[in-house]
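Worksheet: the structure to be examined is printed underneath.
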Amino acid sequence: MGLKGIVVECFVGFWDYETAKIMVVKNRPLGIIYRSVQFLIVTYFTWYVFIIQKAYQEIETGPESSIYTKMNGVALSGDTVQDMVEYVRPSEGGDVISAILRKEVTHNQRQGVCAEHFSVPGANCTEDSDCTPQEIGTEGNGKRTGLCVPYYNQTFKTCQIKSWCPIEEFAAVREPALKEAINFTVFIKNTVHFPKFRVLRGNTKGKKNLHSCTYNAVTNIYCPVFTLGYIAKQAEENFTELCETGGVIGVFINWKCNLDLDPSECYPQYAFRRLDLRKDLISSGYNYRFGKYYSRNGSEYRSLVKAFGMRIDVIVHGEAGKFSVIPTIINMVAAMTSVGICSFLCDWILLTFIDKNEIYSDMKFDGVTSDPSQDLATENTTVSQDLTHTDLSDNVQL
Amino acid sequence: MGLKGIVVECFVGFWDYETAKIMVVKNRPLGIIYRSVQFLIVTYFTWYVFIIQKAYQEIETGPESSIYTKMNGVALSGDTVQDMVEYVRPSEGGDVISAILRKEVTHNQRQGVCAEHFSVPGANCTEDSDCTPQEIGTEGNGKRTGLCVPYYNQTFKTCQIKSWCPIEEFAAVREPALKEAINFTVFIKNTVHFPKFRVLRGNTKGKKNLHSCTYNAVTNIYCPVFTLGYIAKQAEENFTELCETGGVIGVFINWKCNLDLDPSECYPQYAFRRLDLRKDLISSGYNYRFGKYYSRNGSEYRSLVKAFGMRIDVIVHGEAGKFSVIPTIINMVAAMTSVGICSFLCDWILLTFIDKNEIYSDMKFDGVTSDPSQDLATENTTVSQDLTHTDLSDNVQL
Amino acid sequence: MGLKGIVVECFVGFWDYETAKIMVVKNRPLGIIYRSVQFLIVTYFTWYVFIIQKAYQEIETGPESSIYTKMNGVALSGDTVQDMVEYVRPSEGGDVISAILRKEVTHNQRQGVCAEHFSVPGANCTEDSDCTPQEIGTEGNGKRTGLCVPYYNQTFKTCQIKSWCPIEEFAAVREPALKEAINFTVFIKNTVHFPKFRVLRGNTKGKKNLHSCTYNAVTNIYCPVFTLGYIAKQAEENFTELCETGGVIGVFINWKCNLDLDPSECYPQYAFRRLDLRKDLISSGYNYRFGKYYSRNGSEYRSLVKAFGMRIDVIVHGEAGKFSVIPTIINMVAAMTSVGICSFLCDWILLTFIDKNEIYSDMKFDGVTSDPSQDLATENTTVSQDLTHTDLSDNVQL
């Protein structure tokens, strides 16, 4: 057989079909275990992986999302009317929007000198030497001038500071809370786009005036207009308490779209949860300060506003799935491979518990020693596995 | 053979190599099916999974991204000059920036009483009793005082309200659109960082003055300066229309980096798409309101501005891939396992269609009954599978 | 055997256990290779995949995150006191906050006509005909009127423009940098929520006053109060330089939670890195412009502020893992399947290098021709693989 023969042989051999030889064990208990484990695995994959987890779908998470928010409503705070221009900050209507529910305003502040607040460490003094000039503590309101002055017509004295005067702690006026804000509405428009599937969805529908409807989870899911009271209630918060301390509430818009179904099945679901930890009493709440500036007689004045508000963070989650060949194949391969696992288990049961006379292990295992000529010499050490069919027939032939 | 013998035997057996016994079927059609299916699977993995999907790479998505935006340009709106300080909000240059293209301004509003707009439900009246005091509808502009007053020098009357007066619906002045804004430029600086690969990339390059170049997808990709007109055109929007209604346009910066190649292959690609649904006519567009406050003779005035603008949301997508041993191995294992799938198919074809005389199933399956001593008794029921090699040679020896 | 017999036989056969027939090769070197490769694979999966990568856990990334920031501190800029209301923008305390460190202010700008800056291309002129009216270049400050006027009491002339006058390039006053801002503090409150595991974590703890403590990575990890100097130092930036050019610094909060351990193991780690590329000298830094508006004698004035600041982008990464049955099973299946890979290798070694006399391939492969009656006729072509055990014993029996 020359080179040509070898090539021909290889070519012919290439088209042979090779398949593993299988031993069939006619043992009913083992068969029942075998089929039961197979059934469990197939059921798990069919039911959990394919039906519940929808492993046959290609998934896209993190869609492109655009949010546009707008608040509406008018209320009286004491004697002044507050409309959206007054209480909404920032005004641009992005994914974070806050409504000011209560203010502490320090009117007519201007750059100058005045007495430091008595609660600042080291601010109390009896004479000028108690106040080192040029020193600003991280908790002070300004730079000390070195003088010790009466505290705003009081009998005690504190260090004089260069600052915006009068200081907030002394002069802030607490305005009443905007309790009627419970009826303010916030319109949250959201569009999501899944680039992989080229699917665009919005949380509004139709051409009706969206600003005059109200969201209802059952009857009106395409009207994303919520009252602040509804949001607070859904987040299990007390609105009156929120007016006092402020708070950050997350509005979660959840898109879970099965694109194999009708498009109407792909609608947003809303959830509400307070985001600043509430148990932690000291640091909970939400407030910030800003100034309103005026120019009078050439000098600059400001109204310092400490605003306690309800901040709404709109957070969008999205997930879309659509049938795809590749994950289907991959998961089916994984399923079939997993079915093979029960062979491990059953082989172990078979060889350990059932195979008393080693008849099965003889059938299953064919022993070959490394050098055929040493077959007889090593027969003793390989006796347990060499009781194979080969040897049996050899023995017969003796 | 004592305990020592068993231990020795186990130790010797541990170093045996075990491999499955294979049956070679010399059937040309089956061989062709077998090799074809194998070829398809191998091709799929080599071409699609490894070359197209780059399964040999470790992937990092969601890089850390920083955006800094800046608008530039001057235009005339009627008789007043608008520079960036006037039309850009918010001014801080984050990932959401808007240019005001048109304004409706209500000048000199102040807290007071005036007539409600006639379009508000229940606002029309003929006498005071038509106006219930202390009631603010969600659509009203303020709190009713209970009086019925003439509507701003008109002959008809509406309820008087406590509000910022005059009301916007009556007194708003529509300013001309900033059509020249089509030439305004927005500089969008973006740096991304892939922490896993420690790779930092920016969308600018070199030390030339970036504010005076213009983006070009072919010749000037490292100059992220876009005119608003270019952005609108790329998003397939009419700029004049945008000036009227406002709109939100997404600027998508897409980093798709193959870090196995030269760094110059890792550059940003830009895409533009309108984000507020346009078909939905009622709620499309983008506008918001803000106030400019003045103090005159001790009382506070404001100019209420309803701004229609073009909001630009910069959205960054990033993905970097680099060769890694682990995903390579995992995908090669998956590929090899998948090749095993064709055995399922070919076994089924073999045993169902080709194996007429059960010669193959006899070869493939070795039957063993659960109790060897019952071999002869059960021979009749297992006849179809017991025509194994074992029995054949036994028969010969009879 | 009728139809009933076939059904019975199928039912009986269904409960048979099928397992692959294995050939045991008693070759010590091959066994050592086989076991070594197995050992490597098992070690890899046990140590790297399961222990290091925690493949037994279900992972959730991208938690819901809420950030609330607040700056504190007072400093002198020249003769004026700057408190947080002055230097913090935007004031609402979201995930992007900036402190103005240096200002260039153009006071008392108002709409009017004045001379263009001489650096603008084409702005220099000697007579009116040099200035085409109605033309705004993208780099100009306003619309040219067509006149050529002296440049702010200088001897040379530039084109007159309609603009906010005087122009910034001429009239801007550079205020001293707020070097004391190095001691300003920023309080960064962060709560994360992993919805899949229903776990909520915050970066603050206890009820102590958080605004008066300072972060320390070892002793005080639950006090998220950082000085600007600390942030700059951690980001390896020079604070004095930042005061000049401004800059964007990322504060990365990293939650890596193993929920199988004690909750105290799930704490935030902070990292700081400058986000605007610094090497790129021209475009690095961070500045923006805004206006402060005044009304005086019925006309509107503004102070144009070019602010150089330190912008802090808070970026949260989160990952939580918890033991779960499904990934455990999937990875164990992958591990077991991978162990099968070493059979490929060892089979190849066995058949290519060790199997000199083809004794092993005869044992492993059982050849069957497509038509049993042609067995003898095809024997010559299948000789290499037909030296199987079957034929050997047949030969012996001749």
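The chains carry the letters A, B and C, assigned in the order they are written, with residues numbered from 1 in each.
Just so we're on the same page, a residue touches a chain if its C-beta (ideal position, glycine included) is under 8 Å from a C-beta of that chain, and two chains touch if they have at least 3 such contacts.
Keep in mind the model is a prediction, meaning the values are calculated, not measured.
By the residue-number overlap criterion, the interface of subunit B with subunit C counts as different, with under half of its numbers used by both chains. Superposing the C-alpha atoms of subunit A onto those of subunit B requires a rotation of 120 degrees, given to the nearest 5.
The mean-CA centres of subunit B and subunit C are about 15 angstrom from one another, to the nearest whole unit.
For subunit B, residues touching at least two other chains, in rising order: 16, 18, 20-28, 30, 62, 90, 294, 337, 363, 365-367, 385, 389, 393, 397.
By the touch criterion given at the top, residues 9, 12-13, 16, 18, 20-28, 30-35, 48, 62, 89-90, 96, 98, 111, 136, 138-143, 162-164, 248, 250, 252, 273, 275-277, 280-283, 286, 288-291, 293-295, 302, 304, 311, 313, 315, 334, 337-338, 341, 343-344, 346-347, 350, 363-370, 372, 378, 382, 385, 389-390, 393-394, 397 of subunit C touch subunit B in their complex. Residues of subunit B touching subunit C in their complex: 14-28, 30, 62, 64, 66, 68, 70, 72-76, 80-81, 83-86, 90-94, 180, 183, 185, 189, 191, 193, 200, 202, 204-210, 212, 292, 294, 296, 301, 326, 329-330, 333, 336-337, 354, 357, 359-360, 363, 365-367, 381, 384-385, 389, 392-393, 396-397.
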